[in-house]
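Chain IDs A, B, C, D, E, F and G follow the sequence of writing; residue 1 opens each chain.
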Amino acid sequence: MTILDYAILVAFVFVILGIVLAAVRLFRGPTLADRIVALDMMTVQLVAFGALMALLSRDAAFLDVAVVLALVGFLATVCLARYLEQRILLKAEERE
Amino acid sequence: MNHFAVNLILAIAWVALTGSLTLTGLLTGFVLGTAAMWLVRPLFPRSRGYFARLYFWCRLVVMFVYELFVSSLSVAKDVLTPGQNSKPALLEVPISVTTDLQIALLSNLVSLTPGTLTLDVSEDRKTLYVHAMFASDPEQIRWRIREHLELWIRDATE
Amino acid sequence: MQSLILTTATRLLVALLLVFSVYALLRGHNLPGGGFIGGLIGATAFILYAIAASVDEARAALLVDPSNIAVAGLGAAAIGGLASVLAGKPFLTGLWLFLGASEGGKGLPLSTVLIFDTGVYLAVFGGILTLVFALEEET
Amino acid sequence: MELLLAITTGVLTAVAVYLMLSKNLLRYLWGLVLLSNAVNFVIFLGGRLTPGAPPLIDEGDYAPAGEVANALPQALVLTAIVISFGLMAFALALIYRTYMTLGTVTSTEMRIAEPRPRKPESDE
Amino acid sequence: MAGDYPKVERVMGGPAGWVSILFPAILFTYFLNLLPEVVEGPVTAGFDWVPALGVQMSVLLDGLSMMFALLITGIGTAVTLYSCHYLGDHPHYPRFVCYLLMFMVGMLGLVLANDLIALFVFWEVTTISSYLLIGFNADQASSRRSALQALLVTGAGGLILLAGLIVLGSIAGTFRISEILTQGDMIRAHPAYGAILILFLAGAFTKSAQVPFHFWLPNAMAAPTPVSAYLHSATMVKAGVFLMARMNPVLGGTDAWFWILILFGGVTAVFASVMSMRQTDIKQVLAYTTLMALGTLTMFIGAGTHYAIMAGMLFLLVHSLYKAALFLMIGIVDHSTGTRDATVLRGLSKAMPLTGIAAALAALSMAGIPPLLGFVGKEYMYKAGMDLPGLGAIWVTLMTFAASALMFAAGGIVAWRPFRGELAETPHHAHEGSWPMLAGPLVLGALSLIFGLFPGIPGHFLIGPATNAVEGAVHEVHLHLWGGINMALFLSILTFIAGWLLYRNHEGIRARLAAFEARSPIDFDAGWDRLLDGFKDFAGWLTGIVQNGNLQRYLAVTFTTFAVLVGGTYLVRGAFEVGPRLIQLGAHPVQWSVLLLMIAGSFLVVSTTSRMTAVAGLGVVSVGVAMVFIMFSAPDVAITQLLVEVLIIVLVTLVMLRLPYLPPRSELHFRFGHAIIATSVGAVVTLVLIAMLSGPFDRKLTDYFEQTAYPEAHGRNIVNVILVDFRALDTFGEITVVAIAAIGALALLRGIKTRNTGNQNGSEEA
Amino acid sequence: MSWLLVYPIVIPLLTAVLTYILRHNPAGRWISVAGTLALLLTSIMLLASVIRDGVIAAQMSDWGAPFGITLVADYLGAVMVVITAITGLATVVYCIGEIPERLERQGFFALLQVLLMGVCGAFVTGDLFNLYVWFEVMLISSFGLLVMGGTREQLDGGVKYVALNLVSTVMFLAGVGILYGITGTLNMADLHLAVREVENTGLLSSVAVMFMVAFGVKAALFPLFFWLPASYHTPPIAVSAIFAGLLTKVGVYALIRVFTLIFDQDVGYTHTLMLWLAVATMVMGVLGAAAMNDFRRILSFHIVSQIGYMVLGLALFTPLGLLGAVFYLVHHIIVKANLFFIAGVAKRIGGSTDLSKLGGLYAHAPVLAFLFLIPAFSLAGFPPLSGFWAKFLVVKAALDAQMWVVAGIALAVGLLTVFSMTKIWGAAFWPDHPEGAKPRLGDIPVFERLAMMLPIGALALLTCVIGLFPEPFVNFAEIAAGQLLDPSDYISTVLGVQP
Amino acid sequence: MITELVISALVVIGGLFCFAAGLGVLRLPDVFNRMHASTKAATLGSGMILVAVAVLFGESTIIARAVAAILFLLLTAPVAAHLIGRAAFRTGVPMVEDTACEPGVAEALRKRAGGQKLP
């Protein structure tokens, strides 16, 4: 194993820890917004995970996972945020 | 953007000449094309703006990456060190950029740079609502946005 | 959803996503990607468009009813599969034409497999947009 | 790792089944999504696990250089993911429409197609 | 009912009428022509129907089937002639003709069949057509009930018979009756003989209405009178008798056969004749006397001696002649007066003398009074009964005596009393029947007389060959009207005396019987209702439990079935195995974390009361799944998984705005039973996976794909090459699923009119 | 490579594509009719080809078995395709009379064609995973058809149908995955050979049972049938009819295929288990039918009951048993679809399928009454109709196998079937209409009447033909059963086809 | 060797940022503060690892893809933060107590935005 391999392993542990910590936030909430933030960040960290896998296996195929996720992970966040906002609008409509 | 188009045509021509339909080939062609255009810039009226724009874009990217790095460090420091020293606040930041692209770019930059996060743009597009993490001096934040970020953006896009 | 920032970012993203989806489709035979993934990414582009602007605008940009696109994708896949009749080969057999093949490489490939994969792309793309637009118009 | 993933698959299955047994159709749907994931693992495990070697052929080679992961289960899982997405999407639309029309997503309250028998004694 | 219909306008019922008359008439002539040939010996003919199953459509025309064929076509002619007048103006008369002819064909096929399966086919044809005929007055609930009753009772018997036929056919190695008839000894010695016997008798007893399967027959009188005359006296009910007679050479001659038949037959005969005294409706009286005849026939076929069989065959003829005549006569009376009440009808001979003559002839034959054929029949029955060995003789003779005496009385009630005395008031003014209606009863009555005077004719042509066929032996049969002064004659005279006494007191007896019936706990008809209701209730109760409309329960049962059956099999068949490879392969902490992440995510989905939190939990699981795919070299799958997850979130957030919240935690309590089911399913899956992973793996498909993907399929991404080339057909189906799911959902979502903004009573976090 | 095997998949698909694109145009339905006619013609050619040449197989994408996907037709597969085409044609024609334009515009005919595509695909595929895919195609189009129109009943029934069928789908997929993990192959002929090499036979039996449960849900076996009586009475009747005719039969077909070709190594255990499930299915189905008071719900429960007979034939695993199962399969599709068609006409003219709200059909619609009696008595197993031979064969197989109790139950269930058929007859046909209405066929406009009655008459005729001239059908089923019990031809044909 | 060290550094620091982001999301007091962590640190961390990939492989197509991924992240992360933040504010997610709020900001944020349309 080269230094790089060790570095990658260390980074893997960091990233996984980051994801797990984000997951803990996701589990704990307390608000839906917190969970959305956590999920959004997990997708960004997953981009890192994919890239790390590309480094570890020396195979750029995993980079594609990262690219796609970087592109579309955003959409999920947009929809969740929109849900959050529209639910309030809907409640306001009901009150009116 | 007709200068950009010319540059692109030059890049494609390069690719065609060298027969290497790869990204490297295209980039090389683009760079060479830029150089060529710069050499014969008198043939292109108002081309000075084009080259300046290229420079400003580059500056924007570099400055932005630097700011991002700094801001991330500050967040990381706050997170990794015990205790909290943040002083959060919701701020109003008047802005002077006008186009959609500029506003969006600005808001993104604000979000990615130290201590600030754009929450919304006012309806009249004259104000940015910003969440600041270390807002002991709101004026300083407003100043930074106005004098740095807005400037870079304006230089790159106008 | 009304947001200047989102709308502006979307303009860029939609184009990027569409280009990327076609890229994923075309290179899928050699690297991760293909009709499904391409179609899914393409669909996300228009979903984003519909969310940032409105379904009506997304529909207008699409020109064709998405359910027709989906069904046309099925037809395209079938035609891609049936093309092998011309060569007297079984259903879905890939026919390949290599433009400029040489010792070093196979050249630029054109194939019925690509037609089939394009059918896949269209079916997935159209199918998902049909669903999302219908739901979006509901709420 | 295969053993661990097998156990995880079992746990996911169990959680999925528990959710699907709920009378709330949304919880059923969550269970279904989980169960689809679990069954994808079953197929994936069927082809055995190979870390770090995607089934791609490098430029210039005519076959994978070393041992690469089993491509077939990947193709099957991919197909299964897309199919179950289609089914899930339809199920979601159905639940939505059902709620709009029947006013409930609680399956125990859905007694239109199979009304309770008229005789009171055979009532539950 | 017949009386409800307007006066006869179309004399012959139109073309349908002509067809209905000509069909049996021509056949009757045809069979009559064949008679001399059959007297010499049986005739067989036919063709293969389903050779693959060894089934033939073949005919065995021997004495037995000839007698039945003549009765069916002969009485059939009389009945169709009669009914074209009786029902000719009924709006559904053509249907009636259809059913009747269908029945006739069925009955003929049944008696002529030389193949067990063909016999059964026709047996069931008679069942169906009688169902339709009994229910002919379909607007009346009682008709429908009776039809159903007849169908179910005889249908049940038929199905049991089918089993018997199949078993018999298997043992004999053929379905050919003529061949089976030669294998009697082998079959009687076979261990399955008892089963076959019971199966056959169940079929025969239900069809021929032996106690305790008798109750449907009196109810079947809801049918139009010609139907009763035809089906329920002369022909269909005798199908069971025919079957016993037909099978006598194969199944008969054992103690079991003997005792079962004479006991059931005797009890039926006496019970039925007693019950006939109870009735006021003369049609019902006749219905019970039919039962009595069926019992008697069963008894004599069971008795099995030459004499007994001969007596049985003779009585068959006797009964068919008089019973058909009597039924038709009753139809005329009913048609003419509008009532069939024995307590009302009086003095009809003045208004309808020809009917009276026909009735008298038939009734005399029924009462067994010389010189009618009934007398001959009774003499031979006594002789045959006394001829039997041991207890059987006493039983058969006694039963015959009791039944005959009661018959005598019944004859009086039905055909004597209504015609005697002063003409009584009836709903319609009594008048003579028309000739098509009278022709049948008169001819049949005359035949009873002629055959009685010259018993040699039926003896030679009908009874002899029939007896031989039933016995499976050849005897010469000579019938005499006068058998000399002997015990039989003495018993006959005793019968007359007893019968006369019964007739004189029949009103008192009827009253007592009615009182007894009211107290008696045994009521077959009510029992039938209880049985049917009980069955319906049971079916409803069970269905209410099983198919209770509760999806939750359905799912629980489905999953439980999976866990129990698969898990059970796993344990019972010893599938557990742990391979070395499975234990050796360790796991990296990163992998551990990913798996725990997934599990934690799934538990979040279970435990949350917030829908969106659940969605977020699913997102966590999906992230974990994608990481597993990334770690184990499946980038395409990981990408697809993530894209799909994103789309699921898109769809869910779109829908969720309008959907209600999950129930609050107070309602989301832990379900222990569900947890057990879920855990079992999960455990089964894990165990199966462990066993699977412990075995070796054959990588031949993948090896092939890896070797050919680039050289032959021109692709470097093997997964995608599989998707679009090696297994393109899967993909083809798959995109169809996606497109159709979308179209289906589109159809669902278009045009929702009622908008429900949701009962947001639950709780959900901000 | 025989294109005859591809047509049953491609023709419905292309028809679906065209009809969907033309869904706003009346020409769409006629394309649908034409497409189904083409399907029928080609499927008959396929059958003829199978009869002439024996088992035929074709490799898709030009890869040799077991690497590519094989399409294969033996006698059973070919006849099922023909029956599918017949039922499909009958349904499409009937739909012209029944289906409102509103549904047509939502793509009704396209979904119907895709349903046919999925069913045909399931019958001709020789690959286990591909079978899963066709099941899904079938399932998703059935989902769409089931709830199209969106009445309250439909949605309720649809939810249950979808919820339970999705479970079965997942089970099936898991079974495929595990079987692949054990043997490394997906081609069913190859699987036949591969399972013989497997040492852990207990695991194989477990997987077999997994398939039994998964297909058991599809086929509506006890105690997995709930979805069927919960939903089949809710959609437009043409949809009920084709579901009743075809869908559960695909489950039975899959059971037959898998439990003759792959899982025949532990017959004493697996098939005995199946036998008792089949018996319970027969009984529970018919009891359910007896408890119902609705035309279609009675018919629905009957499907369950009759499925029991078919599976019983398979579970006996004797030549005669399989013969019976195959014969039963074919007979039941025709008869059951027809009964639903009749229910549709009864509803159209009588106003309901609720028996307490029906009546007078015997008096006022005698043609319908007559046409009802044929399939009804056939279903009840009365000779000389097709159902008699079906029941006869299964019962004889049980008796020959000395399964006295089973045979007895089969016969008793036959009687109860009669009972519940007469329940319909005795409530909807014989008595007068409760509201005094006079339901006449003439009330339906001529064109629609023709469209609805034509398929009914044709299917009734087919029932009679099979009943009266069963020999060729029995012979056919005998060969089919022979091929199932001894799949050597199937295997050599499939594995022998190389590009 | 130098490249390897550079890559190693990029990877480890990137990983550290990802971890810091996770910790930030967990530790910071309210959703707005947490968003600072997720938007900046996670984006930077992932970006650095992507750069490492680009450097390691050094092929143009791979570099292009890595750069594209980075650009996508930079483009989307702040937009996402803006959407979540605004929604969170509008739904009344509680803020940490000592958050200062300039006059008018709260009202302006709560107001429903007017319709902007794509050109």
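Miscellaneous remarks
As a convention for this text, a residue touches a chain if its C-beta (ideal position, glycine included) is under 8 Å from a C-beta of that chain, and two chains touch if they have at least 3 such contacts.
No experiment lies behind these values; they were computed from the predicted model shown.
Contacts with chain E and chain F are shared by C, D. By number of C-beta pairs in contact, D-E leads when D-E and C-F are compared.
Distance from the centre of chain E peaks at B, each centre being the average of the chain's Cα atoms. Put simply, the chain nearest the middle, going by average C-alpha positions, is F. Centroid to centroid, with C-alpha atoms defining each point, chain D and chain F lie 26 Å apart.
Chain G has its Cα centroid 10 Å from the Cα centroid of chain A. Here the CA centre of chain C is 25 Å from the CA centre of chain D.
Chain A and chain E have Cα centroids separated by 68 Å.
Shared interface positions of chain F, defined as residues touching 2 or more other chains, are 13, 20, 60-61, 107, 110, 129, 133, 136, 140, 143-144, 147, 150, 159-160, 163, 167, 174, 178, 181, 229-230, 291. Counting partners per residue, chain G has 16, 20-21, 23, 35, 37, 43, 45, 68, 72, 75-79, 82-83, 86, 91, 93, 112-114 as the residues that reach two or more other chains.
In chain E, 540, 544, 547, 549, 551, 555, 559, 615, 617, 631, 633, 635-636, 639-640, 643-644, 646-647, 650-651, 654-655, 657-658, 685, 689, 692-693, 697, 699, 701, 705, 716-717, 719, 723, 725-732, 734, 736-738, 740-746, 748-750, 752, 766 are the positions where the chain touches two or more neighbouring chains simultaneously. Interface residues of chain E, counted against chain D in their complex, comprise 537, 540-541, 544, 547-552, 555-556, 559, 581-583, 585-588, 591-592, 595, 598-599, 602-603, 605-606, 611, 614-615, 617-618, 621-622, 625, 628-629, 631-637, 640-641, 644, 647-648, 651-652, 655, 658-660, 662-663, 671, 674-675, 677-679, 681-683, 685-687, 689-690, 692-693, 697, 699, 701-702, 705-707, 709-711, 716-719, 722-723, 726-727, 730-731, 734, 737-738, 740-742, 744-745, 748-749, 752, 754-756, 758-759. Those residues of chain F that touch chain C in the shared complex are 1, 3, 6, 10, 13-14, 16-17, 20-21, 58-62, 107, 110, 499.
For chain A in complex with chain D, the residues that touch the partner chain are 53, 56-57, 59, 61-62. Interface residues of chain G, counted against chain C in their complex, comprise 68, 72, 75-76, 78-79, 82-83, 86, 112-119.
Here chain B touches chain G in the complex through residues 22-24, 27, 64, 68-69, 71-72, 75-76, 78-80, 84, 86-92, 104, 107-112, 114-115, 117-120, 122-123, 127, 129, 131, 133, 135, 138, going by the rule given at the top.
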